[in-house]
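One chain, subunit A, appears in both complexes that follow, with subunit B as partner in the first and subunit C in the second.
Moving on to the complex of A and B:
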């Protein structure tokens, strides 16, 4: 996808709006698809259908600028590490979702985080820890303090959402897009100043004199 | 209105002229006459309403009666069926001595052994099926079927050459193709795709893709030479190829193989599904690789077809008797043939009737073909052939007896308990058949095969034991129905459950009702024309299958608290299909309505609660501010949406360019309510009317209560005028529209909607 990066980062107004690639990760049943569908189509799906790997794209206005968001909604687990890595590689930012009603899903985020860091080889990859099903606070199993301290430990924001009431749904996607955008801008700068690209495979051919 | 007047008007000797004359005589002056006229007018109106009410009342009664009759009919059939069963039971009892001669068979089979056998049988069936389809395929592809092709010559080798041929074809068609014959791969799927630009989704080029069991080959058509391609990419590690289903472009999917992202579009949604499914299947089968490899792998022998031939012969010694083997060109008796009698005994005892039947057929054919020497082949030893034929005949008799026993009520059974014959019939006699069906993916082929098996069985049953006065019709009818059950259930099982519920329900109903109507026609017109007792059995059977089907649908639909809008199209789909059966004389609608009443009532209630929750939440945030439509485009879209819904009057609430003198909350509620109403229409049947009206009432009431409270709220005093406008909209536009729609749909006025109007009319 080198083309994409170049496009997104070029300074002159691109023909195509910038594309930000977001990946939903987290155990099955935590509401990745529900969040995605709520964000995409303003609807809440009650039925639980395991996802394999679905991709969505839509144009949105991010701080007054038209951009495209590309969401890859993944399955909770993937048996082949190589395939999983290929999913993760294609992402520029991650929403790592768990359900506040399920401790296991919270514990599982650790592994997702590690896998992503390994694949992206980048400690500062745009990443949000998302505690979903906030509407079910009476069934809460994961204390807020735990969530916040984990996020702090990773140095990422923590947000609680509800795909059902739409609480914070837009926020997590937009916050993540902002991080991705600012990351791209940073990369762009540092690339222009000097090619001190840390083991990155970006074939940038921007010539600004 | 005076009673005498009605009496006069409705008396038998009423004459208009006379009445008018009398009136004009009695009345003094025009005023009094006018008075009379008003009275008569009112009377006319009242009579009219009465008449309407009566018609409606009678109509409901009529429907009720029709339903009762349907019930009754079902019961009559059930009775008739029971009687028929009783009669054949008595017949069997009378001749029990004959049947009992064959009865003592192994009943305490070790379960684990049985299971082993079952898996083995399953494997064998699978093999057979594959071979059958290969033959079908090869005769089409090659155009020539060898003259003396018989089941016996269909061997693994054929399958392998077939696979190799396919791979060779690909290598020939694709220029620059990698060598494909170096490992035991098989061809899975090919097709034309359009590659899209991953960023802009614009078509880039046409590609032709081949999916093999371990690689994906992408090739570009070569201009000017039809059917020839140039290799473009070869992904040879499918276990690292990530496949993504693209939801926002029709029929498209994505392949992620770092650093490539490639987007492809199939010619149709079903085409895409096939690609995704195949990728998934390969992934699954790779996962089960251990078990996969432990099975004998036909493709693992090296290239030379001549060498291979010898290998096959060696292997033959080791293979079990029941599977299809290469016929030896020598006259020596193949080992499997020698084991046939024993194998048959085992199969019969373990009730693998289909296997047994197939083995018998196979043996017969083999014996027939090798009785005399043909085309350089020497004949089998004549003594062996006679001996074997005798043994075979004995097994045929046993099998027939077993089959009969299986399907009839056995004397032992009945002796045990007097009501034993009321127990559901043993469904397992055709278990293997069902297995067969569920193993296959080629439905037509399987149906054909099943019916040929069935036909053969029927023939056997009727001619091998001509002197046992079995009730042949009823027996074969039972067999027929049992077969139908297997087909129906197996097909239903195959309907995929991973899509939206609507997909499942409509595919399942298509499968069920199409099959059912086919079976009905088959039974009535072809198999057993004009036999009443079969009709009875059929109706009982159909009712049972239908109930099972409905229970599947219910299980699928009502798992989680399901939304009405997802339910209603599903219910509508099933109901329509169900109604179509009436044309064949089968009315199952009352069963459906009955079965759905409970869950639907619950779903309605849940919906009601959910909606009132939503309303409460939204109302708590209601700021009573005009609604901003942002720009003209959005405004026009918005107005179009509502005028389509029947609220063209929305235009009159516009102020300025893009503002609406209604609150956001009112708009949201309008949408919500209209969609609720539509859902209710879709679900409606007379059993549910009460609940539907109640739901509509309560939801509307909640919103209006909020309006009412807001009007009383002093803090909102400044917004009073605006609130009243909203109330007016809800009552006189929305509610009025809903009342109208309700009447159109149900042919009567909703009392509950009228009631809620009355309760809140003062607001507007």
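Moving on to the complex of A and C:
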């Protein structure tokens, strides 16, 4: 038994580099999949095909340390809103994407933020507000000021990207991973001390809500 | 070796079997074929895999369930790994899920109390302990759990729910504390649920009450209803329904029955319509037969047999029976019709084809041939017999008969020229054969060439040949029996008139018919055997016609003796010619022309009539006969016996005015007749015969030189006989008168009267001879010398006899005798033959010799006698002129006015200069001989105008002369007829 145990252990987390689970959220058609594919495979997909739920995972070097990034690319359409809860639950960091050429997608971010907070029950969950389609600045509908003010209001960073030009694509993923990493380190530190409390508190809140 | 493939992306990450999955990663193969295997959740999906690029494969997920790896294997990189997983699930059909199956709705109501999630993800129950779900990869395998709890289940809804399973399954690595918290959470939840029931009722009191009221109301109403209608109101309804059902059925049955009937009618109508063709077939067949449109019948019949021939439908069979009987009638009709003659080839062919198309059986083509054959034979026989009967009738009474004309259909009035029945028969026979036989032949040809689609029996070919030969032979035989009876067998019935010569003139007509027939048959390409029949017939007929035309000519020549009127024309070249020779020549020429026209022209190249030896021989024989007939004619004419017996009984009554006028008209003294015949003979001999030979050859006949030679011999004999007769006739009275004249007035040679001139007897002798000479010159100048010589000889003989009888001469008598003899001798010396000279010398010797004085005196008298001063002696000059018997030599001028045209050389026609007469007077001189023959000035003018016209058109002289000769000839004729 011990032998098998060790074998099993060595197979799983011991050898595997740290895994950061990133979830892409945002309205349909804002470019979540485009950002993901650009990041993963350096390709820009012109065709629009609504996503249901895609999963990507690859090894990256984050600040000299090999880590794995697991990206869950979710469906932006309202049809799938019901199953979002389950996805969100497993997420460790979120990229909340909207299109700067579409005000509605910007407004929708509010709802996503609230849902994430509700599912994760954590105000400080790693979270980035991403304004995509930066290359289409001439069609811009959402003023930069509004975006930045909203991010400031939420206490999250705001980055403008372009999946087409790959502008700031790597940056948003790496920034998020850094936040997740630092957040995990914090958790590990405090896990031994306040693990129970935290979970209790969490549960209680849920019940009340 | 390329690095192994790594799958790093999956889209979507979960789905039911068959989901279209986009797989992304690295080194997924260098080309489509490089991809060996694609495993999704352990299921091989390579079949549906679509290799896009080394980074992308699109495939469809297999039936794998649960989470599973996506393993790509390439031949270049081997088995690969993956960093993402696919979760296959089997979709549970929910009420909100679009589905093709029926979803039972009942559980929903129960669920409503449970407040279970109705979202599509309801299968993923919230954890009853309120704890977060553990990571999937830490799960204890389901199989292990099954082993641990063989009867249990980890399903919360299951009856044999095993909590331990559930905890192991879901909270395998949850800390005990957490589990306790979860338990308390569960308890709280259960309590809150209980509490929630009460509070739910409390909060909804009003509506609960309302529901209760409604239920009461409903109960009351239900009870009232039960009171009113009984517990089971359906009985009445059921009865009503049953009643209405029966009613409906009844109604429906009615409708159905009617509809069925209508359907049947419609079906029947449709059948009628559809097979209208068949049903109307009997009628249409009889209509078409009435219209004689057999082709249509055949078409219809064939179509009907094709369509319905093998039908099992009774109705159709019935109709077909009717049709069949109609067709049988038609077949019988056609069969009868094919035997009805006459009909054209086309009609017959049509009938045959129809019969064959109607499957009439038998051999209609052969039947048709046979009926044609029988018909032709019958026609030939009956036509022949009919003509024979007619002929037999006609040969008895000589009344006008009805003859069939060439066209053969209408009856004519008595025809001036009655065509003999045999000829008519030939005409009809040839017409029948020409008309009918080609049909028979062509029918046979088309029969054997298969044009008639008939089955040809093998023995038919020789039979047909026999038929053809039979027909040809029969027609030939019939024709022979009518016009060539001598070539027929003796037992064959022939025409009674066929032997008569009267058939002769009509033979060319028959020949023409046969020739036409032959050419018709030639065009048909018949077997040579058949053609030989006809060509043999043709040859025989030609020969017969040729001979009969010669014979005919002979008869005409014989008849000429009645034509001789003894009127003559004097031709300086040829002497006096009567009309007979010209008529003869005309007849001969006519004969040649008719032979040429009717017989020779019809010769084909390889079958010339006269190249055949037999024909030649027969022709020559006939020609000999003909020419001899001419000689006989001449002979008969000269003797005139027939004339005197038959036609001229009046000639015996000499001295009557009748005879005198008759004599003047006909001018037939016996001597003159002799001379004219002689002249004619010579003319025929020297002028005509040489011409005739050429004439024959020119006209395509063979040379008749030998016949002519033969004839000339007999002609010469005749001439000599005639001359002798003439000499006898003339010299007898002449010689007879010498003695009486010498001793007229008791003259005695012992006289004392000195001679001063010739004695009258001598002068009489001379004048008598001159008279004969004159007659000869007028009629036959050519024989003058011969005749006169003969006469002189007899005269000399008589003189010598008389002198030798003188007993005594006185001196004067001596002188006188000497003068007479010498002068006669000298004068007639030109005509003296050796015998005559001897006789003269004999006579002179009898006279005693003269003295010198006497001789002087005699010489003086002689000189005086021979001087030309005396017009009485003008003829003394004449004997000095040369007299030659040549016919074309200039005629010696005569001392009397009968001499013709002395101013013109008689051969001016052929040898004179080109100077032509320009005026009427000149003309008169030039053509005096014509003028003499009572030619009117008007006619002369005609000739003159002809001459002038000719000159204008500068024709050559010979042509002109021949023209004038023709005019001459016709004028001569006109002169004769006018007199």
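To be clear about the criterion, the second predicted complex is superposed on the first by the 174 of 209 C-alpha atoms of A that agree within 3 Å, B and C clash if a C-alpha of one lies under 4 Å from a C-alpha of the other, contacts with A are read in each partner's own complex, and residues count from 1 in each chain.
Rule of thumb we're sticking to: a contact is a pair of C-beta atoms (placed from the backbone, for glycine too) under 8 Å apart; a residue touches a chain by one contact, two chains touch by 3 or more.
All figures in this text were calculated on a predicted structure; none of them were measured in a lab.
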item	value
First, second, both or neither for A:87, with subunit B first and subunit C second	first
First (subunit B), second (subunit C), both or neither touched by A:138	neither
Which of subunit B and subunit C A:63 touches, first, second, both or neither	neither
Contacts of A:16 with subunit B and subunit C, given as first, second, both or neither	first
Touching partner for A:53 - first (subunit B), second (subunit C), both, neither	both
Which superposed partner A:123 touches (first subunit B, second subunit C, both, neither)	neither
Shared subunit A surface residues [contacts with subunit B and with subunit C]	52-58, 72, 82-83, 86, 89
Subunit C residues within the subunit A interface of the complex	8-15, 22, 24, 55, 83-85, 119-121, 124, 130, 132-133, 137, 177-178, 181, 185, 188
Subunit C partner contacts - residues on subunit A that touch it in the complex	12, 33, 37, 40-41, 43, 51-59, 68, 70, 72-73, 82-83, 86, 89, 196, 199-200, 203, 206-207
Complex contacts: residues of subunit A adjacent to subunit B	1-4, 7, 16, 19, 46-50, 52-58, 72, 79-80, 82-87, 89-90, 165, 201
Contacting residues of subunit B [partner subunit A, same complex]	198-200, 237, 239-248, 254, 256-259, 261, 276, 280, 283, 287, 498-501, 559-563, 566, 617
